[in-house]
Amino acid sequence: MGTTLPILILAIPFAMFLILGIGGVKMSRKLAGILGICANGTLAVLAYIVAFTYFFSGDAAFILDGVRQQVQIFDVTWLAFTERMVVNIGFLLDPICAMMLVVITTISFMVHLYSWGYMEHEPGFQRYYAFLSLFTFSMLGLVVATNIFQMYIFWELVGVSSYLLIGFFYKLPSAVAASKKAFIVTRFADLFMLIGILVLSYYVSHTPADGPLGGASAFNFLMLNSNPGNVLASTVGATFMGGSVLTWAMIFIFVGGMGKSAMMPLHIWLPDAMEGPTPVSALIHAATMVVAGVYLVARFFPVFCIVPDSLTFITVVGAITAFYAAVVACAQIDIKRILAFSTISQIAFMMVALGCAYNEPVEGVHYSGLGYMAGMFHLFTHAMFKALLFLGAGCLIHAVHSNNYTEMGGLRKYMPICHITFLIGCLAIAGIWPFSGFFSKDEMLAAMFSRHWFWGAWMTMVAGLTAFYMFRMYYMVFWWEENPKYRESGHKPHDAPWQMSLPLIILALVSCVAGFIPFGEFVTFNGEPYHIHIEPSVAATSLTVAVAAIALATVMYAKKNPLPSKIKNLWPGLWTAANRRFYWDEIYQFITHRFIFNIICRGIAWFDRHIIDGTMDAMATVTQWCSVRIKGMQSGSIQTYVIWYFIGAVLLAAVTWICIL
Amino acid sequence: MDYSQFGAMLPELIILGLFFIVFLFDTFSNEGGKKLLTPVTTVLFGLATVAIWLIPSCGDTVFGGMYVDDSACKAMKAILNVGVFIVLLQSAKWVESDEVAIRKGEFYELLLVTLFGMYLMISARHFLLFIIGLESASLPLAAMVAFNKKHYESHEAAVKYILTAVFSSAILLTGLSFVYAFSGGSLYFDDIRAELSSGSTPGLLICALAFMIAGIGFKLSLVPFHLWTADVYQGAPTAITAYLSVISKGAAAFAFFVIFVQAFGTLYSAAWEWMMYAVIIVTITIGNLFAIRQKNMKRFMAFSSISQAGYIMLGVMTESALGLGSMMFYIFVYVVSNLAVFSVISAIENKTGKVGMDDYDGLHKTNPWLSFAMTLAMFSLAGIPPFAGFFSKILIFTSVTASDSMALYMLVLVALINTIISLYYYLLVVKAIWINPGEARIESFRSAFSERLALWLCVGGIVFFGLVSGIYQFCVESAATLV
Amino acid sequence: MDSVANIILYFVVALCIAVFSVMTVTSRKILRAATYLLFVLIGTAVFYFQLGYQFLGAVQIAVYAGGIMVLFVFSILLTRRPDDKAPLLASHRRALGIGLSLSGLVLLLLALFFMPLVDGLSLSECLESGMSIDMATIGKAFVGTDRFQYLLPFEAISVLLLACIIGGVTVARKR
Amino acid sequence: MLWYLVPSVIMFAAGVYGFCTRKNMIALLISLELMLNSADLNFVVFNRFLFPGSMEGMVFTLFAIAIAAAETAIAIAIIINIYRAVGNTDINSVKQMKF
Amino acid sequence: MFSNFLIWFVIVPVIMMAGLACCGNSNMKAIRTVMVVCSTVLLGMAIWLVCEFLDMRAAGDTSEMLFTGSWMWYEPLNIHLAVGVDGISVLMLLLSAIIVFAGTFASWKIDPLPKNFFLWFALLSTGVFGFFISIDMFTMFMFYEVALIPMYLLIGVWGTGRKEYSAMKLTLMLMGGSAFLMLGLLGIYWHSVPAGGVPTWNILEIAHNSAIAPSWQNLLFCFTFVGFGVLGAMFPFHTWSPDGHACAPTAVSMLHAGVLMKLGGYGCFRIAIYLLPSAAQELAWIFIILTGISIVYGAFSACVQTDLKYINAYSSVSHCGMVLFAILMLNRTAMTGGILQMLSHGLMTALFFALIGMIYGRTHTRDIRQMGGLMKIMPYLGVCYMIAGFASLGLPGMSGFVAEMTIFFGAFENGDMFHRVFVIAATCAIVITAVYILRVVGKLILGPVQDDHHLTLTDATWWERFSTATLIVCLAGIGFFPNWINETIQHSFTPIINALNMAI
């Protein structure tokens, strides 16, 4: 494969960003929309071609002896820090990258199309498309990164695009606040990532290089991943506070991923990010950007494996987050928030799966890299059905002009397309055969069980919760009781226009069939194909749990009944706590606002004004004061003058004499 | 008895000749002729200035070593002459005013005699001649300070001046009499130098040195011998203030250098260096502290000139040709900068009678050129490049730090810190002119030709003296003949 | 200091000078102060005579006692008011004055007593060994141009005096 | 020799005292005369006892007397001027310019 | 002398002043013509210089300074007018030219006394250009002070708010710094001379045969570093910056924050570190602490300010602290970062101040509490402000990111715990920066419109667009293609690094 296609893949969205960003004001909406959609369609086609070529061409560059290769299509120097620390901008093609290309461009295209309908009447339509292009560009740059620093660059860029898109309705203070929060929280996480990169690259660049990739930049993934033993030896050797430096570095880098992927305790931005337009939530906060953390772990998987502690850390963080998010999702009434927590939970699923994978064959484990493969598989399927769910939610919001399911109910009659597709999404995420979620979740749970029964059991419970809250939402929206407002106002909810429905249908189809893709043939931790097969015991357990959860949801929510409120009143504190997300926001608010802003920032500002500046002013004041104090010397009387004169002369003589003596 | 030795004293003779011309002209001319007195004197003095610049120094030591005319002295005289010429130009308007016109002859005569006295101070190599020079330079000035008969301040200033002057000359003479005790019976500088070059420093000699510093410090207005300065500057007619602040100070500084470096330079224990060290620090600081609060421009300039005297005296601490050269250059720059200020002050005072700093508020609206000149002069005094004051300050600092002494280094530090305070009050004037709000209190006017000429000369000096290094070179080369 | 007459004369004159100096500056009547000053000046002149500088003594009497005193007396009379009597001084000012002058006195006396140059020559020895200062010597010195001859200062001081006359006239005349 | 210097120093100190304490300007001037006179006497004494072979000190004193006369003349002229302007010769009446 | 290209960087501004002096007092057209022509010429010269410099380097000319020239000025003290440039000064000249150019447009409608304004402005430019071309300490110092003093009048006359106070404070504090600096230079001059040699002010000569005793070096290092550090807004000598910037007129803030503060960093680098390497090795830790504090402290202070200019002034404290911090790390990478940060901060802050000036010119307030939703009212300015903000918080693709990353990676090369701790503290600043930038953007640019009177305001005029666009293009240019800067300056560090290595 030449470099043309990869360059085009990066260049097209960036060019679109510039064109729409600078020239957008002068363009009509229609032109801007068509430009954006066409460009993204082209982009998707190009990405498919690349992925197809990579997976199916059989080219020796891509698959050698049945092992899929990691290929740097190009890699040009962008900035050289030191001789060994060179930042390149390049294009690394490997299975997960190809997979991500497909996911990103697909969802992006769907969202572009969908937005044409959804955003039709919003001011700043052109700007919106420009930002979408910017995001697509950044995300593509992220996944094709050849080195950790390039990843970091685009990592920041996706943060900014996310900021811009969340704050798209910039006149709403809540949107502005949400965008700010999202940016700052992720930025805070990125700080750790930066420190991790600093540590890692310092040690790597100070290790004598050998091997075929020895001369490569200290940031280079291939180098870092291919001969971890040699290059990273020194980092493993050096210790800091009980852990090897590499452990710390990898944990720090992972913290960056936690921020982007909204892991506890850095998850607080994601629910708020739902202030953005819904298609944006679908694209960024469900399908692509938030999985960057998972992608990061996958990308660095071999290095993480050197320090198993870091993998354990990932597992623990993921497990806690998954459960937490699932519980919280059960107590939300805003459908987008429920989806957001569901996203957090599902991403945490992937994290746990990755954390449960091994790099090398392990005794007693059927396939050591299963977690890796399953995590990636779930990333893929989740992207599809979660985007579907979000877009569906967008249709609902579009129809009823509210985010809360209390304003909905009984919508199945009015919005059939939306209803069906939404149901498919719910079934997929709940893990019901034959929808895609079943397959990927099954593999993940199998991997977890193979690591330790506890993780498996824990995550199965989370899967059950997932099924429950998804169907709770489904029933509340589409069943329950018809909202009387629909009849009263002449405006009845109806299905969305074709631009919005088409993506729903496509994605629903994908969600139905994606589970049958032999994913293991394409994406595994070491490039060797793996034949997926269902683990009957695990599948049975999870399916049972899911069905039971759905049944419970059906009992509680299918028709209007007092059961939910009874249960709610059983533990009102718990419900409120879950509804308030267990007060994480308040804690953060307290720390940032009360402590950092009010005490530290104001304290420093006060210190600066009054102590530092005061000292400077005091110098002037003291000078003035001296000036006033000595004015008596100049009393106007000749005799005083002469007295001073004489004192001066005598003192001069006397003091000098004494000194010389 | 070789009377041809008088020929070596060409500068003095020129001034004396001018003095007699003015004297005779003033005495014997009729009313109409008197109108010509001012232009004639000014032009003649201008010619004399040119002549003194042009005539080569013979380098002779005449009258048995009592008088020296080397190029350093001549350069100094030439520098002073330029200053006096500017003073004459800026005072021409004032001299012709009703109040003063009747006494203008005396004004020029006294001015010329004091200048003559300063020449003697500069060239003297014998204490007697020096004392006579000093007294000729200061006594007639007292009469000139009292020139504004209608102003009470003028009288008060004169009284303060003369009484302090006599007191200081009594101190000086007492000090000198003690020096005489150690001089081996001769008051020639070179004899004293030879006599003092060995042995310890007895207490009496220290007293003598302290009294001499006090006596000459009076002329230089070094702290604490400076207290007359402000009152006299304020009370005296502006032209006289200008004259006092630059010419008499410059001559005294040069003489100070000659006396202390030539006569006492070999003193074993460097006693006077330490005295000067303290005096300089106090001078610069106290001068600055007082200047901060001043509201009357002339009084303000008095304190400014006190602190400038401290900077000038830094040159003495070097005891080297480089230092003397830097000091002369400093004096020259100081002459033009300070006279630029006084030109503006006197132009405004002659026109409106206002000398308060508040009166300068918003001056730029009515008199942009005066404001501009004043600003440049203030920057120059504060030592801001690219104006000459920057160069003179830095060069003198450089020459002071040339010796490897930490003490001098610290002295320069103190001086540098004081430049900040001085910058503050110089900027106050700039602020009044450019920044202070409100309507201008001084109406727009066109100053007299002579005043403008003076101002242009000064501004030219301010701008070019630093950029054209030849003047500094000239000063250093001239100074090399002395040290 | 050999001759008894010299010693007696010295003590008389020294006492006279000391006492009258102090009285000059303490007497409350200005005219009396001037008179005491006259005595001090004359005492000084006597010292000059004693030290062998007759010409100087004569000049001292002529210029000081004769000229300057007259000036003083005239000016005192010109500026005196009927009730003119120096008011009592504030005591702190007086204490300050005493302190200052005493400190000066102590300093100078200490300095003088620690002066290393004091040699044992007596007055008469000095008078004998010294050059004779007659009028001719003085006169020649004043018109000579060599070392230790003073034509230039002589001329210069004439200019100074002229200037002082002009200055004095300028100041004193009414317009 | 010191014997001759002692009255001179006393004269000097008395002059300083007088200058610092007297109220009348002419009295100030009188005090100054004392100080000048003391310096003159110093010169003469030093000349006689230390350098009997020369007459530098005496000549200096001669000139100093002349200078003192000139100073006195100018000073008195100015004081009379002040008297005309203020009406008295009190030193405290000429302290308007200050600080 | 006039055949040397560099000297024209001083002559052109002088011509500019002369031209202005000939203009009528309120003949705006003539004044603008002179300004635009001369600043364009300067910009052209700077660009040409960069190209030529790169050509010469590419052609293998590896001497330390190019375009050197030296003319005796004050012979008795061996003062020369010596000029020469290496990669760093070339870039600084380019930066200055850009900002002078943009500043000219930013002050298109200055009032009152336009002529005087531009006269002092031109004098300031003279100083700045002169400083960067000088390799003689004396002339360098002279130009340094030339650049400082016009500030007083520019702020005092054309400023706003407590302008007298601020102008005075700024001037006095900077002059205080330069007093120490002067002393340091004098010490270097007299003590650098090898036995039997002639003392010289020439930086290269001093660097090549310096003989400064270590004890003197330490003293002089403190003097020079503090001296330049004051201008570089080093804690605790930074307080002139908020007040000064807050009161200064737009173009002056631009030039001051954009270029003048760079004089501090450049001077620290060129004189304090280069000429006194052993002291730098020994005493760097003191200043690392101070600059480390500056970085975090400035950022925290910026978080609570409500005046736009104060926010940027404190942000400048933080960013300029980063410059000095980088230089003190004493290795090539960090120093490269420091230079990049100078460029980046110069452009970015100039842009910020230009925008603030434009906003202030319309709304007549700088208090963010009284404004809001400007994006709706003046979208162009709003977008520019956001771009500037992103540049400031280190968005990749903007120059700030490149600079900060280079600094961090360079600084991390120092392997000991002390450096590590401060590097990590410094990295924290990027988060705090994000906080205050987004706070401002959120309140000022986004959100609902606070004041209905603002709804009638207009968007940027053509000269404002031109001015800001120039700066944005430069910011993005560096951000996208940073490596050419690296290549331009890579040779410049070799002598300094060598000196530092020899000093260990």
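In order of appearance the chains are A, B, C, D and E, and numbering begins at 1 in each one.
Everything below uses one rule, namely that a contact is a pair of C-beta atoms (placed from the backbone, for glycine too) under 8 Å apart; a residue touches a chain by one contact, two chains touch by 3 or more.
Remember, predicted model here, so these are calculated numbers, not experimental data.
K.L.:
Enumerate, in label order, the chains that touch subunit B and subunit E alike.
P.N.:
Chains that touch both subunit B and subunit E, as defined above, are A.
K.L.:
Using the contact definition given at the top, which chains are in touch with both subunit C and subunit E?
P.N.:
The common neighbours are A, B.
K.L.:
Counting contact pairs per chain pair, which pair wins?
P.N.:
The largest set of C-beta contacts joins the chains C-D.
K.L.:
State which chain is most central when centres are taken as means of Cα atoms.
P.N.:
Chain E is the most central one.
K.L.:
On a CA-centroid basis, which chain has its centre farthest from subunit E's?
P.N.:
C
K.L.:
Where the centre means the average of the CA atoms, what chain is farthest from subunit B?
P.N.:
Chain centre farthest from subunit B's centre: A.
K.L.:
Which integer distance in Å separates the CA centroid of subunit B from that of subunit D?
P.N.:
26
K.L.:
How far is the middle of subunit D from the middle of subunit E, if each middle is the mean of its Cα atoms, in Å?
P.N.:
64
K.L.:
Taking each chain's centre as its mean C-alpha position, how far apart are subunit C and subunit D in Å?
P.N.:
Each chain's C-alpha centroid was found; their separation is 8 Å.
K.L.:
For subunit A and subunit E, what's the span in angstrom between their mean Cα positions?
P.N.:
One centre to the other, that is 37 Å.
K.L.:
Would you mind listing the residues of subunit B that make contact with two or more other chains?
P.N.:
Correct list: 128, 132, 135, 139-140, 142-143, 146, 158-160, 163, 167, 171, 178, 181, 186, 203, 206-207, 230-231, 293, 424.
K.L.:
Enumerate the residues of subunit A that touch no fewer than two other chains.
P.N.:
620, 631, 634, 636, 638-639, 642-643, 646-647, 650, 653, 657
K.L.:
Where does subunit E touch two or more other chains at once, residue-wise?
P.N.:
Each of 172 in subunit E touches at least two other chains.
K.L.:
All pairs of touching chains, please: list them by chain label.
P.N.:
A-B, A-C, A-D, A-E, B-C, B-D, B-E, C-D
K.L.:
Residue numbers of subunit A touching subunit D in their complex, please.
P.N.:
Spelled out, the residues of subunit A in touch with subunit D are 631, 634-639, 642-643, 646.
K.L.:
Within their complex, state which residues of subunit A touch subunit C.
P.N.:
Subunit A residues touching subunit C: 639, 643, 646-647, 650, 653-654, 657.
K.L.:
In the complex formed with subunit A, which residues of subunit E make contact?
P.N.:
Result: residues 169, 172-173, 235-236, 238-240, 243, 297, 300-301, 303-305, 332-333, 336, 373, 375-376, 379, 390, 393-397, 401-402, 405-406, 408-410, 412-413, 415, 423-424, 427-428, 430-431, 434-435, 438-439, 442, 445-448, 482-483, 486 of subunit E touch subunit A.
K.L.:
Quick one: which bits of subunit D touch subunit B in the complex? Just the residue numbers, please.
P.N.:
Residues of subunit D touching subunit B: 12, 15, 19, 25, 28-29, 32, 35-36, 38-40, 42-43, 46-47, 50-51, 53-54, 56-57, 59-60, 63-64, 67, 70-71, 74-75, 77-79, 81-82, 85-86, 94-99.
K.L.:
Give every residue of subunit D touching subunit C within the complex, in rising order.
P.N.:
Residue positions touching the partner: 1-7, 9-18, 20-24, 26-27, 29-31, 33-34, 37, 40-41, 44-45, 48-50, 52-56, 58-59, 61-63, 65-70, 72-74, 76-81, 83, 88-89.
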